[in-house]
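In the two complexes below, subunit A is the common chain; its partner is subunit B in one and subunit C in the other.
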Partner chain A sequence: MTDGTLLSIKDLVVEFPTGAGTVRAVDHVSLELGYGERLGIVGESGSGKSVLARTAMGLTRPGTARISGQVTIAGHPVLELGERRRRALWGREVAMVFQDPLSALHPITPIGEQIAEAARRDPRTTRRQAAARAVELLETVGIPQATRRVHARAHELSGGMRQRVAIAMAIACRPKLLFADEPTTALDVTVQARILDLFDQLCAEFGIGLVMVSHDLGVVGRHTDHVAVMYAGRIAERGPVRAVFARPSMRYTSALMAAIPRHRAAEQSLPRPIPGQPPNLLAPPPGCRFGPRCGQASPRCHAEQPPLLALGDAPGHEYACWHPGEADR
Partner chain B sequence: MRTRKALLRLARLAAVLLVVSTLCFLSLNLLPGDPARAILGESGTPESVAALQQELGLDQPLADRYVTWLGNILQGDFGRSYANRQPVADIILQRAPVTIELIVLSQLIALAVAVPLAAVAAARRGTAVDRGISSLVFLAVSVPSFVLAFVLIWVFAIKLGLYPANGFIPVSDGLGQNLGSLFLPALALAAGPAALYQRVLRADLVETYGQEFMNVARAKGISPLRMAVRHAFRPSLLGLTTSLGVVVGMLIGSSVIIENLFSLPGLGSILAQSVSARDYVTVQGVVLVAATSFVLINALVDLLYTFIDPRLRKPRTRGRQARRAREVPVA
Partner chain C sequence: MKQPIFTLENGSVRYGHGHPDAVSDVTVRLYPGEILGLVGESGCGKSTTARAMLGLVPLSAGRLTLHGTPVNPHDRRLRAAVQAIFQNPAASFNPRRSLLDSVAEPLRVHGQGTARQRRERALEELDRVGVTAQMAARRPNEVSGGQCQRAAIARATILRPEVLVCDEPVSALDVSIQAQILELLAELRTEQGLAMLFISHDLGVVASLCDRTAVMYAGRMVEQGAATEIAGNPRHPYSVALQDAVPSLDLSDGLAPRIRTRTGADDVDGRLLPGCRFAALCPSATPECTAAAPVLAELAPRHEVACHHPFDPAP
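Showing the complex of A and B:
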């Protein structure tokens, strides 16, 4: 395309007016993703990661939220487009896999029809071709006996199968960009791994760019190239996965890593939970938003918001912390 | 397994019908007042009353009368009208088509109005359009059908002269004429149910629009019209289906007033006539037919559920619609 950038988010702010005041769910977030790259967005519940993904895709309705900033997907200025022109992108250039595959699939329509409907988003596809494509897609996402399964309904499938169907639906028109909003949270651990492997396989096979939203840093670390850690609507740290894992520089990132359970004997230590709760976004703390929960916070942390600073170890590794360094183990 | 379930359902239906017929029989036979005396009036001597009682079988014990009555009903013999000695079965067969046509026509009108209004209101939920439709619907549900009937007669029959104010024209005289003669009464019967259908369907549609699969459909790039028709509609039909079953049953009762107002020779008008003439046998027959229709229609509605939502066929049902459908009482 234009400059090799698949997704570009610049200075995105998303605010929801509520009865109690305005909630700023996404606070001046900028991100970039190249074609075929995989980005993980990690954060706790309420950190704004899902809102970020939905808004970046253009799904957040302008009537419900105040949105400012710019989002470009494959050269299309998403936020400047009206609903009709966004719709032209959805399902074709960009698609989304949702969290709970049972509620994401239509309860009555057979899954084959739902996938065929997605395939028909390409106007050159005939009804007959779309039906054949549904079978083919089910095979692609690893569902056996696809010719028979197209007639099944969502409630007749297991959770993992349902998510595979949702993925088949999302990739039906070979989108350039795929958002996955906590795609494995509703699944068993053993199924989770297989679904994540499927994402890896599809991204490699079709050159799909992936934005995977997750609360699980471990998942993101193994299945993406870049990671962005979000805290209370802001980017706390981002960079290549390797660099961030090797040298987590924002205190929240290190705390998140300390909270991952480990199995290997050399690293045997109990996961350390992060004390406290994420801040109330109606009245966020001044300065660093992680300050109140951070063991190393200084008066400066409570007074001044730390900017995103580049770290020398790898291009693109940035963090927002006044006192970078690993948390004490 | 499936046949066993079907048989069980049939047995239950038969039991309900037996109870309905018993209640129907008892309610009229336990009423104070003696039909024989009522028929003969002031002029009846004690001897002639006793003779008539014997002729009508009223001198028999209640239980015997019930068994005889039920046996006859099962053979299609509803007895003879006290008023004109005509077989009640003939009266019903002659008049039922008028009432059925009236009810079917009224419900087609109600659905034709309610479904699009519900779809528009749900797609534009919370907007001025939605509120405007709601107000209109509230008005429609507030006006009793007989008041509406007078208004309709005055506007369409008297002022505009478009449709006849009363009387029934059979299909043999032309379908257009036939439908024209039923249009105003059907409209009067349609307003209330249309309002109910709009509210029920709108509420279900709004709930469906709140479901994640609708967000998924939008994210797939599906147009709003296709989302409404192909995604939202079918999972939202259970409330409407239930209402339809209940309303059609109740309309058999409402038709009494409307058929009288428009002089239509249906079941409703004969019911009113028979009640005032104390023609208990005819009343009994008509009430039994109405009650049975109500039960059968609602059994049909039960069956319809499983076509609308195949998940309900499973013995272990899940989800919102499944739960709600189970809560609907059987007839």
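Showing the complex of A and C:
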């Protein structure tokens, strides 16, 4: 069943029909992730990163979206499964952590009960075992005085503690794959740092594969092994994190990196804005989606969509650009 | 030495009896043509400081001065001289009116010009911040967040204020758009000589835009100095810990934090402690720190730190 690939996404297309036309939120995306590996998906609002993650997990309802392509998680063909068998994967094979833990938690049920309920998604777990597991999980995610805290309710906890509880629920049935959609965006930086360390620890200790969706390149750069940069539904560039950030080759990646203000730079300089607006997905530009905002675009860019090309000497580093950002560096 | 245009002197704000101060004894001085960045985490009192300076919450102690003279927060002079922009521009506009109408509104409130003149002025002001006449005719929900924030800036500057208070003005924007707005604010500072208070939780934004940076923790100002100095050489242990926590995109930056805050004290409310409010988390805290609160003192020229044991980068 396992061939070393935990998550495989092949040629995924997700379209949402709207009154004004069809929005293609994810446009022919393929990705792979091995057991215990960490992948970051970065992009700005509307780039399709969340839709990609949700669809891969089987959360996007076929009724609201047109989906084509294949997704395999630990050997299970997610998109072909019926509702019941897909639900059976949730918690046990794959789980998700969302941005806002307060809306993920029940306001009145004590957190211990909620975690125990998540643990009981595995039918072999008894009520008593689940209660014990809740305490154990709270300790795993770094909540002190776990035996007392199981009785706490969500509103009694700080934002960081709530996110830890949400993570405990997600890993309650020992899933092999964890999706985290902007898991630290609502948190202060000092709290964010601790939650990111927790993800690192869970991946290293339990061999969990992680897909982290984020708009923050620094978060992804520091806490994942591979990165995929998305723009207007497509993968603009991907590869090992260090390789991509050291040598951004697709023009959007380098423009995005230049637009980020640096907090420890030796000299003060304003970040460089990217001119224009992200494309309207109802009427995307032909050719390269970034073409209209790109300073280096040529007629070819406006006519022909660049495919993902391998960067010769860097294994796994691919970029979709006709004029990769090498010449002017 | 330049005179500050607008100051908050030893200001404190308390929300309701029996609560600790949201802001304690904070002094903010704004100079013409200078942007003061105010950073800190949620609940540290940075927005409350801004609201107190705008007269939106009453001060329980301290005072405001405009051009060196004390001023009542509800004074009409202050209303025209000090304007504000906020984090969510769409929420700060009337959803049923066009951006143009909203931008012209301050002129009407202050009884300036005829309707036609006000319209012309508003179009001019919108054009200056990069909003076309076609965009200006739309309602706030029909334009992007970046366009809406530009319009909010036009509305704030149309009365030619001397001071602009910006509370997280770019936090809701994507980075590519955020950089556009930062550029616009930098232009306003240089071209109009505006004094600005710029609140942000993003250290990168403040380090790249502001002239001076002030760091707040648990309602108190803990460090203040030139933005490059705070970014390159922070001396308060909290400022160092805050900076360490930001994941840097420059992978060459060191990974190891310079300061390890104490764990297990996350839930301690610093405001309820006597002495330094950071003491429970601070690795260099001594009995002195819990006994007496340190006051802001100049460690280097124009670099003030409130700490008994300032961080030394090369011990």
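Here, the second predicted complex is superposed on the first by the 316 of 329 C-alpha atoms of A that agree within 3 Å, B and C clash if a C-alpha of one lies under 4 Å from a C-alpha of the other, contacts with A are read in each partner's own complex, and residues count from 1 in each chain.
In this section, a residue touches a chain if its C-beta (ideal position, glycine included) is under 8 Å from a C-beta of that chain, and two chains touch if they have at least 3 such contacts.
Please read these numbers as outputs of a predicted model, since none were measured by experiment.
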Do subunit B and subunit C fit side by side on subunit A after the overlay, or clash? fit
First, second, both or neither for A:297, with subunit B first and subunit C second: neither
Is A:272 in contact with subunit B, with subunit C, with both, or with neither (first, second, both, neither)? second
Can A:314 be said to touch subunit B (first), subunit C (second), both, or neither? neither
Tell me the contact category for A:118 with respect to subunit B and subunit C: first, second, both or neither. first
Computed vertex angle (subunit A) for partners subunit B and subunit C, CA, steps of 10°: 80
Which partner reaches more residues of subunit A (counting touched residues only), subunit B or subunit C: C
Return first, second, both or neither, reflecting whether A:95 touches subunit B, subunit C, both chains, or no partner chain. first
Please state the minimum Cα-Cα separation between subunit B and subunit C in the superposed model, rounded to the nearest whole Å. 12
Touch list for subunit B against partner subunit A, complex: 211-213, 215-223, 230-231, 234-235, 308-311, 314, 318-319, 321
Provide the residue numbers of subunit A that touch subunit B in the complex, in ascending order. 57, 59, 87-92, 95-96, 98, 100, 103-109, 117-118, 121, 153, 155, 166, 169
Residue numbers of subunit C touching subunit A in their complex, please. 41-42, 144, 146, 174-180, 182-183, 186, 201-209, 227-228, 231-232, 241-251, 253, 255, 261, 264, 266-267
Partner subunit C, residues of subunit A touching it in the complex: 44-45, 144, 158-161, 188-190, 192-193, 196, 215-219, 221-223, 242, 245-246, 255-257, 259-275, 277-278
